[in-house]
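Take a look at the structures listed below.
Next, two complexes with chain A in common: one pairs it with chain B, the other with chain C.
After this line comes the complex of A and B, so read on.
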């Protein structure tokens, strides 16, 4: 595990160079949250009103958390890098190092997003407290559980993106698949909670990546219950196993068809 | 002496997509994709002894890097057997990784934003070296490779020569028994090239590291290796000692001169005029028979504006070896 910790650490050290760039990207985040705040306040008109059991305050916090996860853990570059590595044959240079490629990608990406995650987390909380005054139904005792769910969600998201990136072994470019995956999360998880969708879709969404990567952490933040916690962690555990096996399978199959240019 | 590398009847083929010309060709390639088989390495066999520095050379596309990649477990052979330090790179890649080091001149492995020291600690951890052992190894290698001056400067701020030195140190941190160097001096200026060569030699002497070197640069090979394998078109063209190669093939130098005025010059024993365009002359000197000084005298230094002395290109030497083998 020490080697993965070092990969993780090396990436954090590298990314500390980009703190300013991350802070610049806050502008988008702030604008979006401000728009959502106004839209939801307009929709709710009466602050005591509930829509699908969400108050206006919960609704805006939900978006603050999902947008924070969306911005801080974006896997577009990860997918692009894996895809480029596969196409150029650079992925092969990881093969003669004594570590697992999947472990390397995971430690690498987690190191990369830790700095942005902490910055976005802090910015999101400050903004939410200023705009909304407080966090509904959240007690300090829940925070460790929510953090575990967030960590699981980030790991699952990274592995699912890795699976998407590894598709490049079979097709030239995996970016259309990443586009589909990211839009699935955006439309069905980031903008609205799952409860806002028709019943027949909810059944599907409760076992989709949306549930384990975006909805789960945000739902627990705005409406914590041990029943929800247990359900979310159970589905996440299932996803962790499936995503890991998927990564391993894709990688093992993929490298067999690897063509690295000679010199 | 024990063998560090054993290769027997090794072959590797690549399938490359082919596409017709223009839009029609592109559409046809979608409907009926066609592939061409390229034989990158064909039935090669050789052995390398422990502690040997061997040059594995050839022109572009000869199969050098493909062979290195098969020896390090990056590519799987289609046919043949490979054993590196007793490991099969295909099935025991991870175990082998702890015993070998690789430097691919065209592929950086260092983290650009980290200092060489942090990079070396990182590679130490990757190879499961305890922290204290990694630190003492870094001190030892920094001394040998003269890195102390810039060991705490981010890699992105280093010169290419300093970076290559760090790349080599990074691949030596775990005391590999075999080091694969794929074009380590590519893109470096002559002074830095010479430094790197000295260091490679020193490393071989001090740590008895077996070195498998591919290079385009005849200078690298001449100065470092006692044995040379030349590969072309995926096949071994020559496997001989450096001494023999030097005597038979690297004995010739090209002397190109730009003159102030036209001079009359004819072939002499050991000196052949291969180009005479009035003011521009090109001679080939067989250094087994005549010295470079003789050629310069023949050209008349007083009438000379510029002169360039170089080795015969590797491609030409290979062509010559082929012709000799054929006759």
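After this line comes the complex of A and C, so read on.
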């Protein structure tokens, strides 16, 4: 595990050099939150109104957390990097090193997003406090549990995107599959909590990646309950195993198809 | 003069043709890019279905207006990225000194550069745009106006991208500013203007002209305000002229990085 720790650490150090670039990308984050603030304030014409038990304040906080997770994970870059590794043959350099390619990709990406994740988290909290004044029903005692769920969600999302990226072994460019995966998370998790969807869809969504990567952490943040915490962590544990096995399976199958030209 | 224009169009057409043919070498990737982009665009309609299950209208837009807004956004995005993809990478090209390859060609630098690459997935956006028009209500006049306004919107979009991209002639780290401006256009294009305050609307009709590209065309198509087409056309010409002037002014400051690259 030490080698992965060093890869992780090296990427954190490298990213600390580019804090300015990360901070510029906050503009997009702020603008999206601003747009959703306008949308929800329009829909909640009466501020005391509740929609599916969510107040306007809870809805905007929900979007702040989900967008923060969305931006901080930078899934598009991870998927692109894996595709480029396969297409350019660069993956051959990783194969003969004394580490697993999957472990390398995960440590590398998690190291890369740690700094941006912390900065987005801080920016999101400050923006929420300025725009909304306070955090609904959140006690300090819940924060460690929410942080654990957030860490799990980022690891699972990174592994699932790795599975999508490894499709490159078969069709060169896996970006189209990533678009679809990311849009499903966006539509079913980032914009709305799953309670906003019809009952028959909710049953399915509660066992989907949306639940463990996006909805779970944000739901606990705006409406914490130990019952929800237990349920979310249970499904996340299941997903950790499934996503890890998925990565291994895709890599082992895909690498057999690899054909790298020397040069 | 006419011969020069004719030659430039011919060169740009061949540049587009060969870029597209290069992308078609791997047919699976080519087709999956198009099909998945259509699916990708379609998923966002779910967002509006959910919102309209809560309220009847959002910012003065019902489902019909949203269909046209979504169709125009996809079509404008598709046309601009299919034919002028390089315009969205201008600041990076300037910063890395890769503009050299276009300076030595006996053709217009800006046009040669912006037509030098294509985005295949943009074909999916264009197809999706017309599917939205079909769902809104297909007629020959709607098809004509929708296509015209999409071309006008794409012209403004590319011009804005050139204007922000050209900042790289003066500022060394302006690539983020350019990409943020392009992203902002996409974000605002997907939401009705009625939800924003008057101050934001002023920005949306000037420095981030989503109002001229999307909101005004939605009004033209849904409310039949055809006279606004003239305003759209004049705006497109003005943005084009401004983009060209700013690029030409900036080009005087450009200095080569002596980078050796080959264009295949």
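Here is the rule we go by: the second predicted complex is superposed on the first by the 262 of 263 C-alpha atoms of A that agree within 3 Å, B and C clash if a C-alpha of one lies under 4 Å from a C-alpha of the other, contacts with A are read in each partner's own complex, and residues count from 1 in each chain.
Here is the rule we use: a contact is a pair of C-beta atoms (placed from the backbone, for glycine too) under 8 Å apart; a residue touches a chain by one contact, two chains touch by 3 or more.
As the structure is a computational prediction, the values presented were derived from the model and not from experiment.
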Chain B versus chain C as contact partner of A:14, first or second or both or neither: first
Which of chain B and chain C A:53 touches, first, second, both or neither: neither
Contacts of A:199 with chain B and chain C, given as first, second, both or neither: neither
Which superposed partner A:96 touches (first chain B, second chain C, both, neither): first
Which partner reaches more residues of chain A (counting touched residues only), chain B or chain C: C
First, second, both or neither for A:172, with chain B first and chain C second: second
Complex contact set, residues of chain C against chain A: 26, 28-29, 32-33, 35-37, 39-40, 43-44, 46-47, 50-51, 54-55, 58-59, 121, 173, 176-177, 180, 183-184, 187-188, 191, 194-196
Interfacial residue positions of chain A with respect to chain C in the complex: 20-21, 24-25, 27-28, 31-32, 35, 38-39, 41-43, 51, 171-173, 175-177, 179-180, 183-184, 186-188, 191-192, 196-197
Of all residues in chain A, those that touch chain B in their complex: 2-3, 5-7, 10, 13-14, 17, 90, 92-93, 95-99, 256, 258-263
Touching residues (chain side chain B, partner chain A) in the complex: 14-16, 40, 60-66, 68-69, 72-76, 93-94, 96-98, 100, 102, 104, 106-107, 109, 111-114, 118-119, 121-122, 125-128, 182-183, 214
